[in-house]
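Each structure below is given as structure tokens.
Next come two complexes built around subunit A: one with subunit B, the other with subunit C.
Up next, the complex of A and B:
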């Protein structure tokens, strides 16, 4: 990169950091929603995101369906994978009578982890481990006060913000959304009001699938993915969600921006090799002084 | 009833160990090499099970403890050329210190938060290894000049002996009054505390014992491999394998964890002809066990024995 004046670099960090943070936020929102409502930590999260990106890539680059159709196929793949996770792994464990209740959490963690590895291995088997970049929906570069920014980066940021805003409206302004919100506060109360808890879980997993799908496809367009990204993606969603407070959507949004900017700053100012270290240190620090996370409830 | 099981368990274990000890007489060096690694892996899984199965703490970062032990032993040997045995002991001690440092903040939190703290520790260690590449060999790996012995048979017997002794100590610990207190504090910390047991102290102890055996096994493993790398002793994927091994074999059984580890490594080798699908198949089998036989191999065998 050419040497730039300081102000320009600051602007570049501001722009890049925003796009990365928005993407992190979108990826983590679905993850935290599921935890908030049903207490499930889905460790196949990264695999589902990568699956969405690879499906979009395969549709657009191999089957030549066009970028829009490819993106839709990617989101649909994530939706199917999310339902499969719920019905084939999470629900059987939650309903199993052979697993004691206090151990269900670790079984869900182990089960979804194994499920994620299976998805990852299948992707690697059929589409190799090579990194894939999904053809972006918008191409070209624009000049923002002297900083050359890919249009795709701006598109990513806008879509992420739009989808998160949409989610907010859905949760706070619709009947279904309010039921979801209520279930996250008091599941038993919701059942007493005559709402089927199961249906709420299905709605939440559907929302999760769409969110993870959009985040995965955008990630594939913005940075590219490979089956190696599965672990780091799950870990980053996990840490953002814990940093923000498990189950708190607004907490994870803030945490996503903190982590996104911290990583971008480190990558630009120190070295890309140290990219993740300050965020990890911050995480340990927060866990030590405030174990419930930034906005978490005990 | 329980006395009967321990005695039968004892007889079965004794027979298995004697058969295993005679293996070098009739199997190839290749199989021995495989089992040597599997035995060290078995100790990782048993140490993990002590922490999870008994203290009820989900340690997502067994490789933090393993990696610290392995790298400390390797670096000391590489830099100063001290004797292998001194290096191994230093590795185990470093792992205990690391376990202590990790446990102090980690035990303040519970459940998923504890899991994440331990996971972060692994990611930090991984970054550390890459950043201080001059000392650690970075992503290529650390070359270790000395080995314990070059004889495949001797290596095999060392690993088997080490696993047997560790297994006996860890199993004995889990069945002792101390193990019962651990189990109680894992299942209901409030009630165990109300009975007057110092839960934090007991969990800290479990953490340190787990760290000691993980580190010792990690250090022995690098002197067997002659190299230490992120991919073999630190990577999260290695930790996942340790956890899967313990759950497969049957959590809360300690000895089952070793069986799970041996199964995992041998199955991985048998499936080698299927190429890239090997990991998929192993994960699939593990998932089926988790879903349908949550007690694991040993858990299923013991409950059948109990019914009969």
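Up next, the complex of A and C:
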């Protein structure tokens, strides 16, 4: 019975931290994209992720659709919820003439928060507040230099990185993506170029729905979710995005890895009970010295 | 004359009318008194599986008692309140139950934090109150510490101290004697009910021959258990002794996904739910958990008829708090009969004399001089609890021998060395 060597623990932290960070990154990317392009802070984000996971669970475990179909149903549910958020909550507020323009951001914030709570309560009502886990697409474990790692953890990390890379290609290499990028830089400029801003918003919400859906389903497979996860998930995406700089996708990616690794380090080296505390302290500290976040422009 | 005669007659007439009316009203109210329902307020967590069974089981017991004529001719009426798992909502519900809905007694919650918040209100509003599922030692310790004030609270479930004993008694026979295990790591969530549980574990595990190598407490909102399991594995124990209730599905699934080669044994409240297998996609297989009841386990002749009746009525098997809640309505009815009244103090006195064979064993309460005043007694011939295991998607009793249906069985990734 040899004590665990230090290098082994370092490798464990490296592997586990990566999977969690990649998942955080994927979750936060859509959130920051929406803010960057349309200035909307979508506080129903956690609820949409949980909805995706619960829909995938319900499809696979209750309706027996199989794992892949279940995952697709979960992503579809998030897409529908994202559009519902935009068309039923965000757009009416933005178009309202009775709400003064300078108050619209606050209204959107409150509106999406309430919308998130409604989704959360509906999930709790129909599926109880007990945690659910989505059956992983890949099962079993592999040995990475002595660290027994679930294949699902590796799968999660790969899918997250792949989707983020795909998003990068979409934004930088396609016409639609370039329009989205332009809109995030200068909305008025885009309209002057003859592009309908409204269509860009719809594209962004669609991208957001798919990203949140994939992140939710992966989260359901990797860690599991319950209706209680809604608040913490929104809060975690929000703090990652604030840390990285609101609206900056690359800032969010960096921040996601900083937070993910900080949490994992704390859990391993100090205590799992204090997991989230150092990351929150860091957030407060960054807000003091660099209020715009790591890569924020404003 | 006319006036006179009228004045002469009418006072008489009026008073006769008044008398008649009074008499009539009198019969109504005395009839009403006789038929006044015995009102039981039930405050529970409607969205949680453990909590949802509480009002359902209470209603089932009430229906059965009412079908047999009620309590001395009085029907039992169950008034339910959803507390959304919140202490603040529970306190408001308690106030409303007592002040507006005029309930005679309250059954509430499986969460220790909620019960501890309600306890002073039971004292202030002088309303008897029983919890069907919370475990913290503090609930009954407060009754002991200030009996006159807190005597209204009853603890209708095992204390954490008793739960620890139950786990140790089972571990001695199953793990130490049966599998020659000698080391353990305690893994428990940071909550009110686990503090005394951990103290109990630390005390009784070494006594039965399990050396405690490490003790990991984690926040109940933990989602990633990888570091916890890795830390436990590094200590190389023979068994993980659990104390979890707010979490359950997530650590179980991650235990399986990571193929942690060490069995989990102890308190895992969510594992008592019949939906746990499905919620975890059968990762539950192999998990050993303490319970006071189990589907198909005849702890007493009442256990199986209750759980099957519950399933027939509500479509799913009751949670552990369903069993206790069902028993509570019965022994409350008994106590009201014995007291001959619903007066709070008399009811408390009658409840203290409870000796009721329910679905989880024989229910008696510890007295004023015992440290856990008003908590149900633990021990052979009373309530000992069970050890159950998830096997092939089913909950199977493995301890004590009298009710065990099978021996322990583990998934292939678990390494239990000696047999």
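In this section, the second predicted complex is superposed on the first by the 295 of 298 C-alpha atoms of A that agree within 3 Å, B and C clash if a C-alpha of one lies under 4 Å from a C-alpha of the other, contacts with A are read in each partner's own complex, and residues count from 1 in each chain.
Please note the rule applied: a contact is a pair of C-beta atoms (placed from the backbone, for glycine too) under 8 Å apart; a residue touches a chain by one contact, two chains touch by 3 or more.
Given the structure is predicted, the values throughout are model-derived calculations rather than measurements.
Enquirer: Would you sort A:246 into first (subunit B), second (subunit C), both or neither based on which partner it touches?
Expert: first
Enquirer: Considering only touches as defined above, state whether A:143 meets subunit B (first), subunit C (second), both or neither.
Expert: It touches nothing on subunit B or subunit C.
Enquirer: When the two structures are overlaid on chain A, which partner does A:61 contact: first (subunit B), second (subunit C), both, or neither?
Expert: In the superposed model, A:61 contacts subunit C only, not subunit B.
Enquirer: Determine, under the contact definition given at the top, whether A:124 touches first (subunit B), second (subunit C), both, or neither.
Expert: A:124 contacts both subunit B and subunit C.
Enquirer: Look at A:291 in the shared chain and tell me whether it touches subunit B only, subunit C only, both, or neither; answer first, second, both or neither.
Expert: first
Enquirer: Thinking of the overlay built on chain A, is A:89 touched by subunit B (first), by subunit C (second), by both, or by neither?
Expert: In the superposition, A:89 contacts subunit B only.
Enquirer: Between subunit B (first) and subunit C (second), which does A:110 come into contact with in this model arrangement: first, second, both, or neither?
Expert: Once the two structures are laid over each other on A, A:110 reaches subunit B alone.
Enquirer: Return the residues of subunit A at which the contacts from subunit B and from subunit C coincide.
Expert: Residues 124-125, 273-274, which sit in both footprints.
Enquirer: With touch defined as at the start, can you tell me which subunit A residues reach subunit B in the complex?
Expert: Those residues of subunit A that touch subunit B are 41, 89, 92-93, 96, 98-99, 102-103, 105-107, 109-111, 113-115, 117-118, 121-122, 124-125, 231, 235, 238-239, 242, 246, 273-274, 276-277, 280-281, 283-284, 287-288, 291.
Enquirer: Could you pull out which subunit B residues touch subunit A in their complex?
Expert: By the definition above, subunit B touches subunit A via 52, 58, 105, 108-109, 111-113, 115-117, 119-120, 123-124, 127, 130-131, 187, 236-237, 240, 243-244, 247, 276-277, 279-280, 283-284, 286-287, 290-291, 294-295.
Enquirer: Applying the document's contact rule, which stretches of subunit C touch subunit A when the two form their complex?
Expert: Going through subunit C, the ones touching subunit A are 47-49, 52, 85, 190, 216-219, 221-228, 230-231, 234, 236, 247-250, 253-254, 257-259, 270, 273, 275, 278-281, 283.
Enquirer: List the residues on subunit A that touch subunit C in their complex, please.
Expert: Counting only subunit A, the residues touching subunit C are 1, 3-4, 9, 12, 16, 20, 61-62, 124-125, 128-136, 139-141, 148, 150, 152-153, 223-224, 226-229, 232, 263-264, 267-268, 271-275.
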